[in-house]
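Here the structure is laid out as structure tokens; the discussion comes afterwards.
Read from first to last, the chains carry the letters A, B, C, D and E; within each, the first residue is number 1.
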Amino acid sequence: DKLTLQLKWVTQGQFAGYYVAKDKGFYKEANLDVEIKPGGPDVAPPQVIAGGGADVVVDWMPSALATREKGLPLVNIAQPFKRSGMMLTCRKETGITKPQDFKGKTLGVWFGGNEYPFLSWMNHLGLKTDGGPNGVTVLKQGFNVDPLIQKQADCISTMTYNEYWQVIDAGIPADQLVTFKYEDEKVATLEDGLYVLQKSLDDPKMVEKLARFVKASMKGWDYARQHPDEAANIVLENDASGAQTEKHQKRMVAEINKLTEGSTGVLDVAAAERTVETLLGGGSDPVITKKPEGAWTTKVTDAAK
Amino acid sequence: MNFIRNSVVPVGTVLLAILALWYAFAIILNAPFERDQAARANTTIATGQLIANTMAQERPVLPAPHQVAEEIRKTVFDISPTSKRSLVYHGGVTLSSTLLGFGLGTLLGILLAIAIVHSRTLDKSLMPWIITSQTVPILAIAPMIIVVLNAVNITGLLPKAMISTYLSFFPVAVGMVKGLRSPEIMHLDLMHTYNASKAQVFWKLRWPASMPYLFTSMKIAVAISLVGAIVGELPTGAVAGIGARLLAGSYYGQTVQIWAALIAAALMAAILVSLIGLVATLVNRRMGVRP
Amino acid sequence: MRLSRSPLAIAAFLLAVPGLLISSGGDVLDTLTYSTPVILFVAAAVAMFTSVSIPSLIVVLALVHVVAFCLIGLLHAMPQPPGPSLGYWCMVISSWLLAWFSVQNLAGLKLTSPQAQRLVNLALPVLFGAWLLLLWEIIVRGFGVPSILLPPPSMIAERISGSVPTLWADFQQTYLKAAIAGYVIGCGSGFLAAIIVDRVPFLRRGLLPIGNLVAALPVVGIAPIMVMWFGSYWESKAAVVVIMTFFPMLVNTVAGLAASGAMERDLMQTYGSSYGQTLLKLRLPAAMPFIFNALKINSTLALIGAIVAEFFGSPIVGMGFRISAEVGRMNVDMVWAEIFVAALAGSLSYGLITLIERAVTFWHPSYRT
Amino acid sequence: MTVVALRPKAQSMPNATPKNVIDVKDLSLVFQTNDGPVNALSNINLAVNGGEFVSFIGPSGCGKTTLLRVIADLEQPTSGTISVNGMTPSEARQNRAYGYVFQAAALYPWRTIGGNISLPLEVMGVPKAERASRIAKNLELVNLAGFEKKFPWQLSGGMQQRASIARALSFDPDMLLMDEPFGALDEIVRDHLNEELLKLWAKTQKTVIFVTHSIPEAVFLSTKIVVMSPRPGRIHEIIDCNLGTERTLDIRETPEFLEIAHRVREGLRHGHSYDE
Amino acid sequence: MTVVALRPKAQSMPNATPKNVIDVKDLSLVFQTNDGPVNALSNINLAVNGGEFVSFIGPSGCGKTTLLRVIADLEQPTSGTISVNGMTPSEARQNRAYGYVFQAAALYPWRTIGGNISLPLEVMGVPKAERASRIAKNLELVNLAGFEKKFPWQLSGGMQQRASIARALSFDPDMLLMDEPFGALDEIVRDHLNEELLKLWAKTQKTVIFVTHSIPEAVFLSTKIVVMSPRPGRIHEIIDCNLGTERTLDIRETPEFLEIAHRVREGLRHGHSYDE
């Protein structure tokens, strides 16, 4: 059976599980022919699935819930990432040691749906984000770590498995950095999950197919946890841009494994509800205005057992 | 001999000057980081060492020319052109959609210009919207276009080429509208006395008279096509092509790789532009343009 | 009674008939469902059976626009799947053909009063655009295209009216600061470079081939570098615009400077005129059509460049910022609102430059026909 | 032979005035300029019979070119009527009734001299072999044999003008409209071409409308001389001039010739008195 | 008065030949074309004294324009030497020694007639008020008063030509190079301008080099007539023509005049015999 998976970002260790499942034949064993489409800064997975370009997408929950409110019924069918890898990384010389020190500083934030946990956090801290003296100045961060290195920002958003290491690679040692994990600040939202359109779930055949897919994917993740270096190499082979380095990918897979540790793919409803809480508390212009209904289901993971 | 005096020497001189400037800027722009590093390590750094360091950083603000050259050498010559790490491979991917897009764009531009010059309705109603079409930031709607095209099963080269087409038809259309209207009144009157058909006026007068405009526009269009092809590579998952290299380079802070890809793009464009220049010269010669 | 021979009118008439016969698919059998096909039929009949004249064209146009609004109204009253029926689509196409028919004939008319002519000249693109939007609305709603792929214009319009302050702030940041500064510097330096290159043959041979290189620097490649060098604020966007606008100006000016006639140049020679005088009095005026060509192309490039550059890091205001941020939030209507502002600003600046061009190069044969 | 085709046509239409090839009635033309209107033509009345050779002569700016352009449907009169071959000028143009020689050579710079002469032939669909022979013949006629492959800017002013005459003759139109065709030529060439034109006219019975500034030329060539005067452009006098069809250059010494020339000169001078 | 300035200069340089304003020795010019070389000028020898009025006459394509262009430094000879005012043509040009009237009008389309005449004055830095008066004076001279604000395409061919003459006269150069300036004008205007030019020349003692196709014009105006012949372009004969400085149009009936005209015609005919 054919199935198309749209990733959220370019081919990298973040998606090791799926590549491993494909490369190691786990999908084939499950009688699936899976096509993996890499993403990028200009690829919005919900748009792709709305346009019929994919059956399943990897997306973060804030973006998926926002899309749902816009009338495209995305449903979470599985959640391979248990924990959030997002954090703020600051240069030590800025004197920031705790979140309260952000006042008056310039912070780099990713936009496009990823800003809500940040806004909600600032809301908790009572800091305004309008650039005034009693708040913080927010920069829209491009998809690299230059603002920190060029000292255009005091802190930038990083993922534990990616940008953080780029900062290190750029020559700023870890002891010169201060990091704040969203997970620790209790403003984390659920990251990489698998989403499908509601109508797929209405078709029992499709549900069964998806169940096989989720199962095989989780097998891929398990394998990646056991063989991180091999998983990194598989990712490298699948990278058509030829731009990834082995060192970085190995590190990334290792970090990713910390996030998927202990996940069976079943969504932790409490975590999902916490995500909703965070998003609803996102300040003046919240990403979602009401509690979503039916935004996740255990139908597929149940069938996968 | 003449060629050497008239092109090689001047181009060489200018290139040398640019190289010298480039080195100077590389040192100036990269130095603060080295000083920071020294400060972090609580040491001071001698000027000679500083300069040497600025030219060998792993992620410099501005890589030194030899670093870029080395990267290009590595990715062009050391790696087989079919490998995904070869710049030749990525260049080829981009080139094919550039050429397709440019070809379609030029054709579309010329056809539109012809329609506009010959139809008052189109001149009045279409022209403003052609202009408006270009004020739409293509990068913003490219993803949607590509998603939509994907949905109707158009994939592969064509969606990327369509972005090039979208960008490149415009300079051609604008230039050709001007060019097709540039014949002298008396030359038009002459055709009028022959009661030449619109097609004859077009082929025998408007078209040859518009040649200088056509080639000038085509030079701009081919350069923009390349940009379009690169832009178009991003929303298709940035899997291959110069755009993918740029993106990945910028994403992972591989400044040297960005610059290598940029230079490759620029060289490609220069070759394309000068090819058009060559065609223009040949056509000029055939048309007896006064040297 | 005389048959209008226009194939447009005939096709429109033929399509209006099934609209009359087949139910348009509206569930509620209200006045709209009945009256729309009738009005359309009347309009088509007028177009078909009366001779082409200003009054009849105006009648057709007026009726067709009434029909258009009815069609949109019908759309709202329809159950979403299955959507409109065949009859409905026939009416859409028929009314579109009728509008096209009247517009074409209006454009063909030679009006005696210059005011009326000006009115028609203005009405044509407006009508064309209005129908573009209308068809967009009907197709998007009729086929049930998800709004995160393509929102209908009505939704975009609502969003625009609801977010004027945001749009204005973004416009200020991107257009008034980055685009204009970059445009002025880019065009200015391209122009100066062309003069220098033209003056010094050595540079012409050396610099021009290399100038071509600059043209092809893709904005997605330069933008991150400029952000790295000039920071996230508007200066880096202006730098991107400078690089984008430089080359078209250079190429066009160089071509324009070569455009003056041989005898005209000889004339200046006999006056023993200096290089500067020949430039100022002969070659620049003769180059103006080319220079304006570049100014026009650049006016659209500048805005695009400034917007795209904001994708690669920016403060949290600006059209490019808004577009990239709202795409992620799936607020596609806001994205289109920004695109609308961009298109409006771009078209207006283009129009302004065209007006100046007309005044400056009035002598060019293309304005004398 | 095209003329042969014309005559029967005229005969078969009894209520058309068969002889009036050009019929201008009360024609006026006003140009609107940035600087106010210019009365280029005012109340022109003129009838030209088929096979006539009519010269227009008059001070610079009196509207000769404009009148020729009206006949050729290149300019629309502001008022009055004009018919050409019993049709409107526009219909006549669509029948390719005439060849026009402009005051300036108006050669296409991207075509060689041969290519320029070939232009009307291509437009009218003359086959290639025929084109080549006509080009050769007409280049010969204007003494430009051997310049076929040159581009216009490689020719002297007079040569360009001759090329443009060859172009107008090449497709053998029934009517020739010539705007100072021999202005840039020296006396000898001019005499030569005058004779050739006269021969051509006598042989083919074309109608020729001819603008010139040379009084002897006008008298030598024409059957009718129209003297115009400026501001507003109008017809001052129409002088008949029947020196027979078989003229040689010697005729210029005869008293009849000198008598007509004198009348034309007087008329011209009269026209001039208005501006000085 | 510019002439006054010239003479003392010449006197202060005893070894310069003060009278030879133009001195051409063994000059040849070959154009390379796509179609083989063209011998436009071959072995030209010519000396023109200051204050002379020299006419070039010859069949179309014999190299008159080319020779004028060489004098004006618009064309470089292939071999031979030429000096103008004892300098190279290039230096002379930079000294703004002459005004050139082209065979075609060459008016700038973006300037009005007044603006076109003002052009050389602007280039030479004449103050604004002075410019206005000179424009008015020269437009008057060529009978174009009232057309100052028109654009070139709004003028007839002859009017454009006259505007271009006014432009060349406007800055009062020591030497005038005129390439068929009166070709597009009718006899009356032509006679008038001939007289005006002669008056101007007599008054200011300018050196005039004048290309014409009209034998009477050449004889009437010149002190020296250079008859040229084509392929290769060369000087066939130089005919002196001293009818005194105070000439009127009546002179054209005198036997001396007719005698010279006859000689010129013979020379011309001789030149033509080569191509027919």
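In the analysis below, contacts are C-beta pairs under 8 Å (C-beta built on N, C-alpha and C of every residue); 3 or more make two chains touch, one makes a residue touch a chain.
Please read these numbers as outputs of a predicted model, since none were measured by experiment.
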item	value
Mutual neighbours - chains that touch subunit A and subunit C alike	B
Chain pair whose interface holds the most contacting C-beta pairs	B-C
Chain whose mean Cα position lies farthest from subunit C	E
Chain centre separation (subunit C, subunit E; CA means) in Å	55
Chain centre separation (subunit A, subunit D; CA means) in Å	84
Chain centre separation in whole Å, for subunit D relative to subunit C (CA means)	48
Contacts with 2+ other chains: residues of subunit D	104, 151, 153
Where subunit B touches two or more other chains, by residue	61, 139, 143-144, 147-148, 184-185, 234, 247, 250, 288, 290
Contacts with two or more other chains, residues of subunit C listed in rising order	149, 224, 228, 262, 311-312, 324, 327, 332, 364, 368
All touching chain pairs, where touch follows the definition stated at the start	A-B, A-C, B-C, B-D, C-E, D-E
Of all residues in subunit B, those that touch subunit D in their complex	184, 186-187, 189-196, 200, 204-205, 208-209, 211, 287-290
Parts of subunit A lying in touch with subunit B, wherever the complex brings them together	10-11, 37-44, 47-48, 50-53, 142-146, 149-150, 166, 169-173, 176, 239-245, 248
Residue ranges of subunit D touching subunit B (in the complex, touch as defined)	69, 72-74, 93-96, 98-100, 102, 104, 106, 108-112, 119-120, 122-124, 151, 153, 171, 177
For the subunit C and subunit A complex, residues of the former touching the latter	146-149, 224, 227-228, 231-232, 310-316, 321, 324-325, 327-332
Touching residues on subunit C, where the partner in the complex is subunit B	103-104, 107-108, 120-121, 124-125, 127-129, 132, 149-150, 202-207, 209-210, 212-222, 224-225, 228-229, 247-248, 251-252, 255, 259, 262, 289-290, 293, 296-297, 300, 303-304, 307-308, 311-312, 319-320, 323-324, 327, 332, 335, 338-339, 342-347, 350-351, 364-366, 368-369
